[in-house]
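Inspection log for the structure reproduced underneath, given as structure tokens.
The chains carry the letters A, B, C and D, assigned in the order they are written, with residues numbered from 1 in each.
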């Protein structure tokens, strides 16, 4: 059956093959079908032939921007640390980008992790990606052995069941609140345009948590991270977590204990989120990657809300606007300052 | 081997009795997440098909294991003098353990043969296993030397039949656990036959011909090491530790001291060969500094180095890594690819 | 042996304060010079600038067992290093909200601006912060316990 | 240079080792001249060393003075000559020869280790003049505990041996180092110097000639100086305030003001002593703090409350709010109560009734007078004195004497407070070096430190020095327990408790201990590192250790002083603080001593009298100056001034000054220009001006002046702007300058003083208005002797010698009517005629006046653009929006930011002579930088671990100094150490922990945190 996804898959294969054949790119980054019905596998095509395996569907949940710096680097001629890059243009990489992935690329370009010139971006408007945990819940613990997807529906089946549901019901939470489905930087648009979305109460879940009292919020937080095994899938799935040595791994200084102590696990999640403050484009890769089903995206989502409300800042929409924590405004909110803030009018200690 | 026939009320009686002197654990589903939890005896349900998300190694190779403790408080006479941390504690019984997980305990006791901490955990833990009626599509225990009906590592192995369970008594401790039922509830010859049939049936699983462990042991190391498919795996891999931390037979660890509020302890905690720091030298040099090297190492260790050293594969075919890998790296494909190398 | 409630009654909070060298630390000195009395619960760590204080440091203090945190710098516009406190203000705004979001009591994490001439204000601030922290009791959430 | 002998000498003689002399010596020595500092007693420190606390910050006098004394004592280019007197001064400016007699100490300073055994064994007890006789000392003695030099001396008038050789000699027997030399002889030394600075100080007035005070007769009547000693922790009662008669703590204390001041009849001193009102308030406040029991009653009896300095009025307000009683009346006599040696004072209360009150102690706020010996010395040196016997100076040359090359500073030229003395000291240093500039650095020596031991590979060997600070710490914190505890901390191999860790002997001992014990890290638990860190760090260098292997635990300012009622908790806190410091110092590393080369150019902002004076003072030394003025003409505020209080005409002087500035080859004048942006820091400022040019300069002086407040609305408006004959002070000056003939015709003039000052909206006193207004009144009387003049005032504040104007005004029949804030004068217009009504407090009824002219003495108001300048230069302001100096007492022209100085009205209102002195002081302070080729730069800088850096560039974006950039090749962050100020913004911004701050690293902060929480 012809679907938007199957059309887009064809177009991607065509474009990717063309890019590789023409030598415009040295590699093309996309997805291939996985060995399980609910997962796709990120894939680097290095020959035109390999592009035949590429697929595009609702299970493409890993943010491809994650692979770009490493892939680009691997294509550079080897050099010693500190040695200048060779003269002339370096090999380029073709990649698929949706709204949040492209915004993520903007951040990485701003943070000098890659050069825009070395990317050939095939822009795809996102129709929302599927949350396989929601499918599992739908299946009631039974093993899903096959999955079929149309433009609006998802059909799953197992040993002795078959179920159908609207895509909307099983989309990832971040996709449900996404307002920027279209890529902000791209070289070629693939597939139809999805209109900018109007999301009613995009931060509804965050506000719900904010309304709870401190004790309930702590209980929620603890429950949420209780099963964390510190495998760092969330961190490693995140294209923004590109530090050579993450603070959790550092032993000089050792900010965080390494085991699953409740404080250490909490600290890991707080700081991981905090390090994404003002940068996270809500691609949801962290949550999709988590083997334990932890909804750590809520922490970054809260920061996203605050950046928007406090600093009117939305990350990755523009290559030229500074990231919120690398700039300031004299009139930034300071109501949280308990002594000496503007609200008290005691600048310079006039209350003598 | 003694086989008993227990009905549901026998099981309840046993659980109630066991709970008096021991802690009971079993897989518990809650909030969409499956893990091991301490349970009340009557709350026990036969486990859902497949294995819980967390592996059984949390009981034998806890995250973390405190190796020793000390004071860091200035003025304390014994400041910085370490003292052993571990007491034996109450015995534990783990219920509902699948054959693959039970077998992993046996495999892990190979590298941990001389480890006192592992030994204490093992000595104080009894396993009441439940054989697999319906393996999942990601299960491949029979490839690795196990079986859905396997009993390795268990003290008692339960197999569900019409109207109750057939319980195989596999150890002295298992015998003790059963108490008087051991002598009064012996299974009938028909029932024993039924069990035999189930076991035979289970051995007809799909998978590579012959024993992969044996075949891989014999293959030239460098042929496997230099295979081209490693690059493709590395292309997809994000180098997280989900596979290693969920795997029942991954046993790598690191040791560190932690100090807070005047107290210090030395802990052993899970580490993963997927992490760059795992092999980082103090000099800064890293012999496995690249992702491809780390991905290769994980599989080579499980499928080549471990068998060479200990015999079996370091894999029990539970399928956790396949199910939970965010980028769908599938160890079965790796095994097939390795086996196909001539 | 103390019962838990006895312990809580005797409990006095321990507060870690990160004070910038040029304004708030000087303000704390001035409080001393002027003999403005304040509760002895605070342990001051001198940093060059409030902009030196990272989220990691605040979490580390909580992990180490601090019942409360105070970070204080120069008033906006007065920063010895021009803008350190203004970057800090953004970082702190987000961090404080995030910590409250995951259930840390707002009373525990405190930020202020105190100038070198505000000895009295400093003493008053410490009194206020100590009282605030006392109302929420001993920290339990992000404190690391071992052994 | 033609003939080397034509060159002036490159050295200077400073006479007097009080705070003024010490400051002058330091400024001279730091700007390249060799200094001979002559002190007649056995140690420097002067009167300030005898004080307990200082106003208005309540700083411990010894604590803030001590570092300066130690610096002076250790300075390589200061030759400290104690027990010395100047006998004669021959020659002239540039080439003086002074004859100095050095009296015998009888103790060899090279051998004395100040162990005190001699004094302990000396059998001869004599009254201790340092304690004004309230305590005892021995015939062999140390002037005071923190004395510099810290060497004992024998009092030849008291020593048994020296009177009758062979009779005692106990000290010689017990001295462990053989330092006693009974054969010591006076020596006469000839010193060749280019100029001389007289900082001879003052004597407190001796009230025994005033019988009404009972002083000398009644044991519980003491002078203020004596009371300072009673309060002082190093005084005769160790800080437990006791009265002389029975050593009990007084419960009721009275202060009598103007004893020996403003008193022509009995004391023969017409002048005001300037400082007594403030010190009395301070003593009352401190006494209340000292009092063990509740509610010490304190009453101050005064005539006018003269709190005319910066932050003084606020101090006065606070004292009143805290319960110090103030009574406006002069006490007729102090009477014995007839029991318990108590005292009775009779006074007229606010209600007009006569009260009688009993006190346990009466403190006489004695004035300052010229020291007799100082006056003799002045005469010997050919230096003229004024009618009050102080050294004569003039308004435009406030630190010069009549003899060229002989400068003067401090209270010897007029009674004044410490900051004013320090200002003058710096000004006199400038004045003294002006002619000597060509010989800068010709006679100085350079400090050589021993090679630093490389301790990199050594395990920590930490020494901890716990200070008692007299009783400042020890009275609250159990210092012995803290010391014992310190010994148990990991890495600590040595711990010791000291009475005063900053005293010279302890400092010397510390250096010895570092060497003897092989210490490689040092912790001092005492006061604040903000004042004392440099002193101790210097000690480390002297002992061959890198100075950054050092930490302080602030157990005084942030512990004992703020937890006075909680000794247990304070002791626990002290232990925690020491443990935190030890945890941090363990990880300290030796750092490089960076330097910044100095751009030898000054930027002076503002071309009023202060700015022009400062510019000329620097330019005359051959250093280029860029003088920036916002207006398009020179002169500033002074253009509106008629004459100084001394009677000099301002406009003529100003014209001369402008001519000099305009014609000066080293002054680059930028009129109509303002500062846009300032980058860089001391030694290397880059300032963008509004004309688009960028000026590189090594130092800056801000002298942007102030304006006068015009009360266009509100209750202090008084028809201003509505009636043509209502003026503010400077508008009347304008009419004087224009010689307006209409002024002679005025029949009656009313002045309202404090018009809108010293009220909640504008709480400070503008210092100059009383004097200015009275001088204007006198000038009106000169123009028309028959003019009726009324002055409505709150307190007349003609401080110092300005009091003579007040006396003259009263002689001339000018009527003074006091008002208070409950009854402020009423002014209205009745058919074009000004009507004034005020309540006369003596008659207790309203007085109606109908002046032809009304003059309002309004506040001196900070410039609106002071805020802009403050932001551009990143310097702080007070709540009154005047610029805030680095230290109220001892750094009155420095900003907290290095390399920037202030002068004139932007600092605080002040008359012409003080403005000129401050301008010269600012120039002197700037010269200490501009005279150098390079100055020390920040050592605590950011450093990048390239193994962790990922080149994201966040650090480069948050750095305010452009001191960090991504390397073009490696694309990793790289720090430009010379530009880094060590703020740490990049460190906190870095997610990868790739940037850290040397010795303030994350691990060190974590170690401190963990240490703080070790016990909780």
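The rule is short, and it goes like this: contacts are C-beta pairs under 8 Å (C-beta built on N, C-alpha and C of every residue); 3 or more make two chains touch, one makes a residue touch a chain.
Not measured: the values here are computed from a predicted model.
The interface with the greater number of C-beta contacts, when C-D is set against B-C, is C-D. A summary of chain positions shows that the Cα centroid lying nearest the centre of all protein Cα atoms is that of chain C.
Mean C-alpha positions place subunit C and subunit D at a centre distance of 33 Å. Here the CA centre of subunit B is 46 Å from the CA centre of subunit C. One inter-chain figure worth recording: subunit B and subunit D are separated by 76 Å, centre to centre, where each centre is the mean of the chain's CA atoms.
One simple way to say how far apart two chains are is to compare their mean CA positions; for subunit A and subunit C this gives 35 Å.
Listed for subunit B are residues 258, 260-261, each touching two or more other chains. Across the assembly, subunit D contributes residues 876, 878-879, 947, 958, 989, 1002, 1006, 1010, 1013, 1016 that each touch 2 or more other chains. With touch defined as above, residues shared between interfaces to two or more other chains in subunit C number as follows: 56, 60, 63-65, 77-78, 83, 87, 91, 115, 117, 144-146. Considering their complex, residues 57-60, 289, 528-530, 554, 556-559, 561-566, 569-570, 572-573, 576-577, 580, 871, 874, 876, 878-879, 884, 896-897, 940, 958, 960-961, 981-985, 987-989, 997, 1000, 1002, 1005-1006, 1008-1010, 1012-1013, 1016 of subunit D touch subunit C.
Contacts from subunit A toward subunit D in the complex involve residues 81-84, 111-113, 242-245, 247, 250, 252-253, 255, 275, 322-323, 325-327, 348-350, 352. Interface of subunit D with subunit A (complex): residues 314, 317, 763, 876-879, 946-954, 957-958, 966-972, 989, 991-993, 1001-1003, 1006.
Within the complex, the subunit B residues that touch subunit A are 29, 31-33, 35, 48-50, 53-54, 63-64, 134, 136-138, 232, 235-236, 238-242, 244-246, 254, 256, 258, 267, 269-270, 272, 275, 277, 291, 322-330, 332-333.
Taken together, the subunit B residues at the contact with subunit D in this complex read 72-75, 79, 259-262, 284.
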